[in-house]
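Next up, some structures in structure tokens.
The two complexes that follow have subunit A in common; it is paired with subunit B in the first and with subunit C in the second.
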Partner chain A sequence: MPEVHRKLERNAIGFVLAIIVVSSIGGLVEIAPLYTIDETVESDPNMRVYTPLELAGRNIYIREGCYACHSQMIRTLRDEVERYGPYSLAVESKYDHPMLWGSKRTGPDLARVGGKYSDFWHVAHLINPRDVVAGSVMPAYPWLARNPLKISDLGDHLAALRKVGVPYTDEMIANAPADAFGQASPDASQASGVTERYGNDTTVSAFDGVPNRVTEMDAVVAYLQVLGKLTKAAKTEGAAGQGG
Partner chain B sequence: MIRQLTSGERRSAATILVALVIVGLAMAAAGRADTLGVHGAIVFLYSLVLLFLVLSVIFDPEPEPSRLSQYYDDPSKVGIVLTMIWAIFGMGVGVWVAAQLAWPELAFDAAWSSFGRLRPAHTTGVIFGFGGNALIATSFHVLQRTSRARLADQLSPWFVVFGYNLFCILAVSGYFMGITQSKEYAEAEWYADIWLVVVWVTYFVLFIRTLARRKEPHIYVANWYYMAFILVVAVLHIVNNIAVPVSLTGAKSYSIYSGVQDAMVQWWYGHNAVAFFLTAGFLGMLYYYLPKRAERPIFSYRLSIISFWGITFFYMWAGSHHLHYTALPHWVQTLGMTFSVMLLVPSWASAGNALATLNGAWHKVRDDATLRFIMVASVFYGLTTFEGSFLAIRPVNGLSHYTDWTVGHVHAGALGWVAFITFGSLYSVIPWLWKKKAMYSARLVEVHFWLALMGTIIYVFAMWNSGILQGLMWRTYNDSGTLAFSFLETVIAMHPYYIARAFGGLLFLAGAIVGTYNLYMTIRYTPEDATEKAAGDLPVPGRGEAVAAGE
Partner chain C sequence: MAAIERDPVTGRLTTGHDWNGIAELDTPIPKVVIFFLVVTFLFSLVWWILMPAWPLITTYTRGALGIDQRTEVEESIEAANAARSIWLSDLAAKDWSQIQADGTLMAKVKETGHRLFGDNCAVCHGASGTGGPGFPDLTDGDWIWGGDPDAIAQTLRVGVNSAAEDTRTSQMPAFGRDGVLDRAQISDVAYYVRSLSDPSLATPETADRIAKGKEVFAANCVSCHGEDARGNVDLGAPNLTDSHWLYGGSASQIVTTIFGGRMGHMPTWEARLAPEEIKMLALYVATMGGETQFTGEQSQ
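The block that comes next holds the complex of A and B.
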């Protein structure tokens, strides 16, 4: 072996090529089949996409680095299923570009936090976590309620996501700003379009408690409230929730 | 320093910088409605300052041709100073975020100072700012000495150093403003990623061109590692960061990967950033500065070969151990676990090779804190890789994942291995580069060593305790068969460990500040070494004889 190697290390280009070949194998074997093996991601034709408001909330969640402390991936372990709900399926993050599975739980998992608390609770909690959860170490985000949400460019966001494979329709893209406004303003005329395009299960609400004014708080709460609710696949998978 | 560039090189530098000034202006104008505009302004100012520096000497006389018969170390010197600046910044932010977990009020009523934005500033500042600059600076030094050839040209090393630091500044300033892709250790957005590709290709070309000029027939083992580091990081960076920008006038983009595929790509990247940035590159340092400082040859050539190719092959399979019990298919998890366990063989081959090299030099380890930094780094490398293989075993990972145990593991590696080998290497190379007899104060090196060691141990023990405690609390059931602890109770139980961790980090930071002071005093106030040995640090064909440019 050393003799062969002595030859290799006299040749820089040969050495470079050897590194490329040797280092490529692992990634190719583990990543490429994830696109070709059908069972990798469960299918659910009824799964819906994020509304523009929820997507904007997701982007704020990313911007603020929430994923650094909150996972969105319930593992197939008994205590996790009992604490957080049915274990996460691949299909549930199918439209998540990028995924936010996370790697650390300084705070609890949020994969199924949608519907667990009221909008009002979320607003109070985000403004100052220690007002509602004594002992929490989460940062306070009072500015979310003060900052108006930028909705004018949401159509561009949906269009970019369509390029990477999320099935947004032309109509969704064209109406993105109106839908974002409508979802946070139940009494406005734009509200009806949201359920028309995204389904009747879509929550239309003055998430931050102030209708007709769309803030970053509206978006974040709308996003948190939809987590785990885009598809019912995890509840119908059978084994989920039984523990193991 | 700029006067050492030929007038042609100065003109090329000015041209590149003018182009960058224009790019910065264009970004600022196009992105004025977005945070991208701020980044445009940063690019503009950064290149304008550099342009001013170049223009101020552009008509100065040509440098002495005799410089070509010496090594070109100016970029390494600047890189080392930048390394220490980034160390203080990155570790300082680290202590701050650690303190925030113990006392969450330690933030301003402003978005930029909250944990989620500071945390990537800490990780990027330390990994890429501190680690990356150390790798670039030492790679130039090691490459030239082990090839006995001068760097292939004088302009591209500067492009690499300043271009790379521009990337780091864009990345970190972006996180404060909320510009992030959220992909861990690859948070920087699309335009910064493209810029890093340009810088990295230049780095690779410079490396290969210099290797081609080598006067040694064999490529030394340190350079294998530096090459693997440059090459594989390029592949990882490009593949992981492919994204579609929302518009060319905004910072935001969407990754082409989603869900489970994205998770796999992300941790294939993430784990191999550990492998090829934080391991391979620093093993390159180890393989040069350890034998030099100990004045002992590497113990085993054969072990060097086994560990190099083992690391290059096995590591790339290991990323999926970050995804045990998740929605990632079981077969990929199993592969990741299996290869992670096998990885222990080449890892311990490296650590063992390093420690066996010290045989016959243990009295130097006792007396010389610099060599002790390198020795402790090798020990932590062995411990951390053992722990890594252990944590990759699925049921163990079931307990450790999502807890501080992972954080402790990472810091055993980042502090105990990466930072220790860096400080050991820097304390070795600084006197050589600046032609000094020794560091300004050996005593301060000793102080730094003990601060760093105490800090690391306190940090790692705190995180072992908190991680295992929290993992166990999450899965504890009471007699009636329900979960015994609410999530909040497990958070409150972390409080004393979070304080201990912040204290450990503070000690480590204090050590880095002492080291920076020592560096400053060495450069400014330590007499030059006029001995034969310092004068003999020259490339082939040897002192005095000029080498033709471009040779």
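The block that comes next holds the complex of A and C.
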């Protein structure tokens, strides 16, 4: 054995290859099985995809760095389940590219914030958190209400996600800008297409309070209101906690 | 290369290498380090057997102890519920007045209700329940949908203008934007409404304006707010004669409300909170308006 090692460490290329083989064992053991073990990810055939408006909101959530202070991951701990609701399941992040589980909570977890508060509250809170929660340390995001949302390229975003496995149809991709407008304009003719393509549980609402005008605020609030609602898997999977 | 020698000072052997006359002792690794290394390996062997550890191709080793975080959290929640079950079952069995008469049970309700309120209600209604513009004050004794525990529990369950099927619904029309009233009419009725809670506005000079406003009020507003403008808890129409204003009581704020209408929104909590949690919150919120609320009378 010492003779083998003596020869190996005197051969530069051979030694580099040997180092690569040895140091990748840990990664292979931990990562490779994730591609073959399916039983750790629940399946939900009824799970819906993000609408174009929600996806745009998700992109803004990433742009503004919300994930730095808010997690989207309810751990299997009693206090978290009692406060936030059923613990998070892998399937709930299935269409998240990248996932936004986060690793730090300065603010509360947002995994199940969808439907917990009103649109009106979200808008007031994002414009100035201190207006509704005295003592909040969250920064204000007033420009969201002023900036019109760029919806023309949303079809490209959907097409990109389809490449990594999100089941967007050709129809969804072709109608992405119209659906983004329709979801924020309940009285517009485009609104019906949204529920047609994304299901009747999709919320169509003038999220920022102003119909027929799509702002970044519309997108962010639409995204926040769908968090935890893409699939009902967590409610049926057994998490005993009723939590709130 | 020098021969392996014994060092005269330490008594240890040298490595046999010689670097320009400097030799190196071949001191072995301390035994205690080897010992803990071996212990660590043995521990991991035991751990691999007891706990979920090794990935196989399509599954993984479950571990002899059968420990799973998901069942653990469910067990801890069940244990907590069992510990609470003594008074929770009491809470479920008794009706509102029986619970309110039970001092020890009410102490539990207030303690737990305070936590529930903080986790779920405080962001809109404020940590002390005093609300804010657009979010009702729960401490002022002025209830939009009724302030007895039963009415509050119903509001919690179905919400207001929420996604629930049997939601409470109320919408004040946009009298100005939809062209029902013109500018002068809105201005007059706003002045009349302000005069209801502020009698100093009713002077001989303004009597004409108030009379006009009252006419507009009678034609457009009484169906919800009532002839005496004291509101209607069945319709969620606020009392306009008191000094509590949900959307502000200044002249411009009232004109804005009449012009653009109002449609508040409270989420439904039925899917998020357990029935006993809603019951506790209803009792807790009822006490926020002062103990007088326990008489069961609605509004005011």
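Keep this in mind: the second predicted complex is superposed on the first by the 225 of 244 C-alpha atoms of A that agree within 3 Å, B and C clash if a C-alpha of one lies under 4 Å from a C-alpha of the other, contacts with A are read in each partner's own complex, and residues count from 1 in each chain.
In the analysis below, a contact is a pair of C-beta atoms (placed from the backbone, for glycine too) under 8 Å apart; a residue touches a chain by one contact, two chains touch by 3 or more.
Since the model is a prediction, treat every value here as computed from it, not as a measurement.
Peer 1: With both complexes overlaid on chain A, does A:115 touch subunit B (first), subunit C (second), both or neither?
Peer 2: second
Peer 1: A:133 contacts which: subunit B (first), subunit C (second), both, neither?
Peer 2: Both partners, subunit B and subunit C.
Peer 1: Of the two partners subunit B and subunit C, which one touches more residues belonging to subunit A?
Peer 2: After superposition, B is the partner touching more of subunit A.
Peer 1: Should A:94 be classified as contacting the first partner (subunit B), the second (subunit C), both, or neither?
Peer 2: first
Peer 1: Now for A:83: first (subunit B), second (subunit C), both, or neither, which partner does it touch?
Peer 2: Touch status of A:83: both partners.
Peer 1: After the superposition on A, what does A:124 contact: first (subunit B), second (subunit C), both or neither?
Peer 2: In the superposition, A:124 contacts subunit C only.
Peer 1: Kindly classify A:165 by the partners it touches after superposition: subunit B alone (first), subunit C alone (second), both, or neither?
Peer 2: first
Peer 1: Taking the superposition as given, does A:36 touch the first partner, subunit B, the second, subunit C, both, or neither?
Peer 2: second
Peer 1: Both subunit B and subunit C contact which residues of subunit A?
Peer 2: Touching subunit B and subunit C on subunit A: residues 29-30, 37, 39-40, 76-78, 82-83, 87, 133.
Peer 1: Where on subunit B is subunit A touching in the complex?
Peer 2: Those in contact with subunit A are residues 100-102, 104, 107, 109-111, 114-117, 119-120, 175, 178-184, 208, 211-212, 217-219, 224, 227-228, 231-232, 235, 239, 244-247, 250, 252-266, 268, 301-302, 305, 309, 312-320, 322-329, 332, 335-336, 339, 398, 401-403, 406-407, 474-475, 477, 482-483, 487-488, 491-492, 494, 498.
Peer 1: Given the complex with subunit B, which residues does subunit A contribute to the contact?
Peer 2: Per the stated touch rule, the residues are 1-2, 5-6, 9-10, 12-13, 15-16, 19-20, 22-27, 29-31, 34-35, 37, 39-41, 59, 62-69, 71, 73, 75-80, 82-83, 87-108, 129-130, 133, 135-143, 153, 156-157, 160-161, 163-166.
Peer 1: Once bound in the complex, which stretches of subunit A touch subunit C?
Peer 2: 29-30, 32-33, 36-40, 76-78, 81-83, 85, 87, 115-121, 124-125, 131-134, 203, 238-244
Peer 1: Residue numbers of subunit C touching subunit A in their complex, please.
Peer 2: Contacts found on subunit C: 55-60, 69-70, 72-74, 76-78, 80, 116, 119-120, 122-124, 126-127, 132-135, 163, 264-269, 272-274, 277.
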